[in-house]
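Chain IDs A, B, C, D and E follow the sequence of writing; residue 1 opens each chain.
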Amino acid sequence: ADDVTLQLKWVTQGQFAGYYVAADKGFYEEEGLNVTIKPGGPDVAPVQVLAGGAADVMVDWMPSALAAREKGVPVVNIAQPFARSGLNMVCRKETGIEKPEDFKGKTLGTWFFGNEYPLYSWLAKLGLPRDGSAEGVTIQKIGFNVDPLLQKQADCITAMTYNEYWQIIDAGIPESELVVFNYTDEGVATLEDGLYVLEDKLKDPAFVDQMVRFVRASMKGWEYARENPDEAADIVLENDATGAQTEKHQRRMVREINKLTEGTDGTLNMVDYEQTVKTLLSGGSTPVITKVPEGATSTAVTDKL
Amino acid sequence: MAAALLGTVSAYPAAASHGFWAYVLVAWAMAWLSVEELSGLTPQSPLGQRLVALAIPLAFGVWLLILWQLAVVGFGVPRVLLPAPSEIWLRLLSSPQILWEDFRQTFLKAVLIGYALGCGSGFLVAILVDRVPFLRRGLLPIGNLVSALPIIGVAPIMVMWFGFDWPSKAAVVVIMTFFPMLVNTVTGLAAADRIQHDLMHTYAANYLQTLLKMRLPMAMPFIFNALKINSTLALIGAIVAEFFGTPIVGMGFRISTEVGRMNVDMVWASIAVAALAGSLFYGLVTLIERVVTFWHPSVRG
Amino acid sequence: MTEAGTFQTPSRSPFAGLMSGTAGPVIVVVAAIIAIWYLAAVLLNTPFQRDIYQRGGIENPPLAQLVADTLSQPRPVLPAPHQVAEEIWKTTAEKSITSKRSLVYHSGVTLSSTLLGFIIGTGLGIALAIGVVHSRVLDKSLMPWIISSQTIPILAIAPMIIVVLNAIGITGLLPKAMISTYLSFFPVTVGMVKGLRAPEAIQLDLMKTYSSSTAQTLWKLRLPSAMPYLFASMKVGVAASLVGAIVGELPTGAVAGLGARLLAGSYYGQTVQIWSALIVAAVLAAGLVSLIGLTERVVLQRMGMAR
Amino acid sequence: MQPQPADNAARSVIDIAKLSLTFETGDGPVHALSDIDLNIGAGEFVSFIGPSGCGKTTLLRVIADLEAPTGGTISVNGMSPHEARLARAYGYVFQAAALYPWRTIAENIALPLEIMGHSREEQAERVRRNMELVDLDGFERKYPWQLSGGMQQRASIARALSFDPDLLLMDEPFGALDEIVRDHLNEQLLKLWAKTDKTVVFVTHSIPEAVFLSTRIVVLCPRPGRIYDIIDNPLPRDRGLDIRETAEFLKVAHRVREGLRAGHSYDD
Amino acid sequence: MQPQPADNAARSVIDIAKLSLTFETGDGPVHALSDIDLNIGAGEFVSFIGPSGCGKTTLLRVIADLEAPTGGTISVNGMSPHEARLARAYGYVFQAAALYPWRTIAENIALPLEIMGHSREEQAERVRRNMELVDLDGFERKYPWQLSGGMQQRASIARALSFDPDLLLMDEPFGALDEIVRDHLNEQLLKLWAKTDKTVVFVTHSIPEAVFLSTRIVVLCPRPGRIYDIIDNPLPRDRGLDIRETAEFLKVAHRVREGLRAGHSYDD
């Protein structure tokens, strides 16, 4: 069997259910692949791992992948299992925020590490400077949880539909007290979890073939996860070496994730791609990418599915 | 020699042959020899000595940088993993404004204040623990416990308690620096030998006099040991704490975000500033140590 | 004439025996800390609890209820000691130690890289100190760079180290242990340099009169007189090593270990889980430090240096 | 031998009865002192002499409350040694100099003065006077490790004298000094004693020194350390160095030597 | 005074010419030695005597290559002091005992033997023999701080003797000992010297000791430290303690005392 190493963007959780299901259910094996899944973490830059040669393929968000490409690491999108974005901005209602224009003078918490780009584009579109002035917004780098919102240290924070949003709900803040802005609705959505490889590796037909089999099996995994969300969540839990995840949360997460992967065979929708590039180019004074990327996507794999 | 090497490399990037590496090896040997030569020098004037003492590590460092440059270029290491020193240098030159603001946020606020509070409290608690045998037996084990709290566990909690700005980082620094100070001071306070104690005893010196005139001076080498270790720990602590929530300024913030943006040269520029600041800080503490513990055999001889 | 009995031992109260050991004082201090902790938990958790009351339309709840509620929140700002204790109990005693949900299992993972890193780090630290004390070249050229190396934020380069090591095929315990090594060798080096230089001039002169070899002077004079310094530094070093192991668990993909536990707790805002991992880590550290303290006592005793 | 009160009916400064001290070592008990009876009156100059390891230092340390006896009673100035120490009843010269390396010689000598709260000028004046007394003027600003062994010992003597205690406990203070300095300091000490009426307890291993200085000489013998002989010195209080040639002097010295020899097991 | 070769035409062990040494201190230079000329032949027993701080220890340290002279020349066994030290030409007894606190007395005495690579049995045997010589048997397993000052000093003497060096450099080895032990050890040392034909350089501040032991006595005087007088001792090599009462002995002692007194500024 061919060895393939997959580097995830984040820790083992329902977000990556498809890959764990494919591994657990033997879909990879059926394709003659021996897949190792490496979980990510707050400081794992999947691009670095890929460039260092410790992984063959990675899950990454398109903004950071395109940024890396412009910085000289030629990563290429070979498939896009997530058709939709799960990124939200969640505010407490008591702050008086009703529409994005009300952000003025407020404190927004976001993740960084490449995840701040969509927000920057959005703010640029709204014409709000990020300098902390009364006319603009104060940006804070938040950790990995929703405490800043709960502790009222931030008025709004970024939250994934499938994860942080539910943590807020679980913490006891009812939906009625929250105002949620969806990035897709605001027209600043960017593509999230896609599969990326190094460009020159695609010159090798054998590698392309491996990736074809890999993506095919992965998509099968996603399909299975959509059909059996609870089982998928259990598989994720089993693979979580920290033993810290809860069943309730993971089952819900897989269901939410399924809404994002629904209706795609993994082929990248070029309209969404163009939309992502447009958003990233409009990042105000510090755009994420400065020019339209070339060759950042490849259909070499998805064509052969 | 170095210039020739660098020239070769830039002419034939990623074309390192065996010959090339032999060349590098020779360069390394020469570096060693030149440092050896330099450290053999003993100029008469104090100024000259100071200069040599500075020149040696610098020469060594320059050779390290050259080697680094050669390795990066020679092996064709991806830039996003490890940039060449030249790139870092360019970045340093081009972004002084950002680096200065980060420095001010992290070093001048979080590190210095946290260091002062952490070392200060460690010292005071050590005195307390030493004075009250009950606490020595009760608090010292607990002190070990608290101070061994891993920063990455503590940092998010501190953010939760003290907010996003520097106070939470200073709190992390306090926790990190507290223990080394405690342990070293307690050890140091026990360093005086019997006859020195007896002498104070014969004067019926009170506790405070014995402390000030004998035990603290005796403890100074140990206390400075802690101050030196802490000077580097404090910096690491503050930077790492910034990984867990911060306003968008600070060395830790810069490092963590720019990695994600693949601006690895910026990351290393920040690291370079951190290393420089830390080294100078350490150097300063060492200088003060030499003045204060001039009598200790390790300084005297 | 006064009795020699003026050298009396302190009067024996019923508690004297209890309080003169270590156990008694520790229990008292721990009790005090727990009391303060409860108080802090109530205070820190109250704002959030008030919001909940407000939402539920409850006005001015009785104090007893407020206290009870603040001490039983599912994700408190500061969990109450009994919540943490309960969690620790559940994740240690009630789980098989091979289970991924067992803190004993995670402690084991962390402990193994801590110890490996600490041993390498102490060895390296001593070796470097010996080099620095004996070679002017090393002293002058290396020492400043050893110091600078410690000012590099390890978390920043840890992922790179691990990526690089992975790329050249080193995986598993060693990369994590190397971060422990990186953090723990430094206190040992600094302390040992001081300790190895601690012998009085006359003691060194004595060795000179025997024209003893450098190794003999090291072995018979410098190392013995460095012992107190070594142990003081090793205590700091082992704590640093644990921090290193935990930090090293993040970029290895947060697979297992107390660090992974801490982070996972942090991602999902499970404060109770964070605190129990923290407490276990701290207990582990305290255990390691007191183990070294014990070794110190035994060694110094056997060397006749403990009076 | 039985305890003898001082000849003059003076107030008793040190009263020791049935005193014993045993050190517990890892290697079994060491009987350092056993069954010591001794009274020392105000204004006396008493020397302890005896073979090395017989307990002279230990006895002095017991008087100074630096060691607790394991049996018997002792009082100093009518108080327990502990109270006497707290009342700063004595000055002590250790067998080793025990100077603090971070203080200059002058600062070392000023140490007890600082602790006992003398004014700055007073300190300076006393330091100057005592450094002159031990012939160390010019070395005020040197550090201990820059001084020869004898100079260090003289500094430690100056330190003990500086605060002018009524009772002086001196443990081989002149051990590292040459004969001339020793003679000189012997005379100085005697003058000081005669003038100020101090009580001195003095450990020495020099027979002529003991005879020259003391009003009484206590000869100790070892294993276990005990009093072998107490010799009243009939020499007049006011003596010059030349008294050492007198027959009276030699007679006392002879008796001391006999006692000392008895404590040794050499067959010469 | 001019340099004098030893009377017997023996091989010269120590040659010192125009030697000087200045310490630089924070407080200005200290001229510890100036213009020293001295030859010591094989088998001689030379004593240095002089006021405290006159440079005796410093001169001995120069011979032992523990201090580098700032002027003049010196050779030991025809080599530089450095080479002589590397050849383990001498045993040194320090003014302070300098025992290692983490070693028992026996282990302290065995230290040089370990370093010079003697076998275990050899070590045990020599330690036993030398501990007996200095009358410390029974204290093998005690630690230095459990010993009296005099016992520590005797241990340090045993340590220097243990490896049987041809040249002995001794810095006030008997300073902290009582007269009887001192006499005893003086005799032992003399016996050892006569039997083994060692060369001994001996610092002391006791005039009788210097006269009793030495073949030559070097009197130093201070500020700057220099040789004031070199006195040949006409006493026969084979002497008993009673020689100290002879007129010859007293004559030499008198000359030494005169020299010593000249180095002091006391007007007594």
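Here are some notes:
The working rule: contacts are C-beta pairs under 8 Å (C-beta built on N, C-alpha and C of every residue); 3 or more make two chains touch, one makes a residue touch a chain.
Since the structure is predicted, the reported quantities are computational estimates derived from the model, not experimental observations.
Shared contact partners of subunit C and subunit D comprise B, E.
Chains joined by the most contact pairs: B-C. One finds 49 Å separating the Cα centroids of subunit B and subunit E. One inter-chain figure worth recording: subunit D and subunit E are separated by 28 Å, centre to centre, where each centre is the mean of the chain's CA atoms. Mean C-alpha position of subunit A lies 86 Å from that of subunit D. Centroids of subunit B and subunit D (each the mean of its C-alpha atoms) stand 52 Å apart.
Looking at subunit D, residues 96, 145 sit in touch with two or more other chains.
Contact with two or more other chains is made by residues 42-43, 45, 48, 52, 143, 145, 147, 151 of subunit A.
Annotation for subunit B: residues 81, 156, 160, 194, 243-244, 256, 259, 296, 300 touch two or more other chains.
Within the complex formed with subunit D, the subunit B residues making contact are 195-196, 198-205, 209, 213-214, 217, 220, 293-296, 300. Residues of subunit A touching subunit C in their complex: 11, 38-45, 48-49, 52-54, 143-147, 150-151, 167, 170-172, 174, 177, 240-246, 249.
Interface residues of subunit B, counted against subunit A in their complex, comprise 78-81, 156, 159-160, 163-164, 243-248, 253, 256-257, 259-264.
Residue ranges of subunit C in contact with subunit A, taken from their complex: 48, 52, 55, 74-75, 77, 99-102, 105-106, 155, 158-160, 163-164, 166-167, 250-251, 253-256, 260-261, 263-270, 273. In the complex of the two chains, the subunit C residues touching subunit E come out as 200, 202-203, 205-213, 216, 220-221, 224-225, 227, 303-305, 307.
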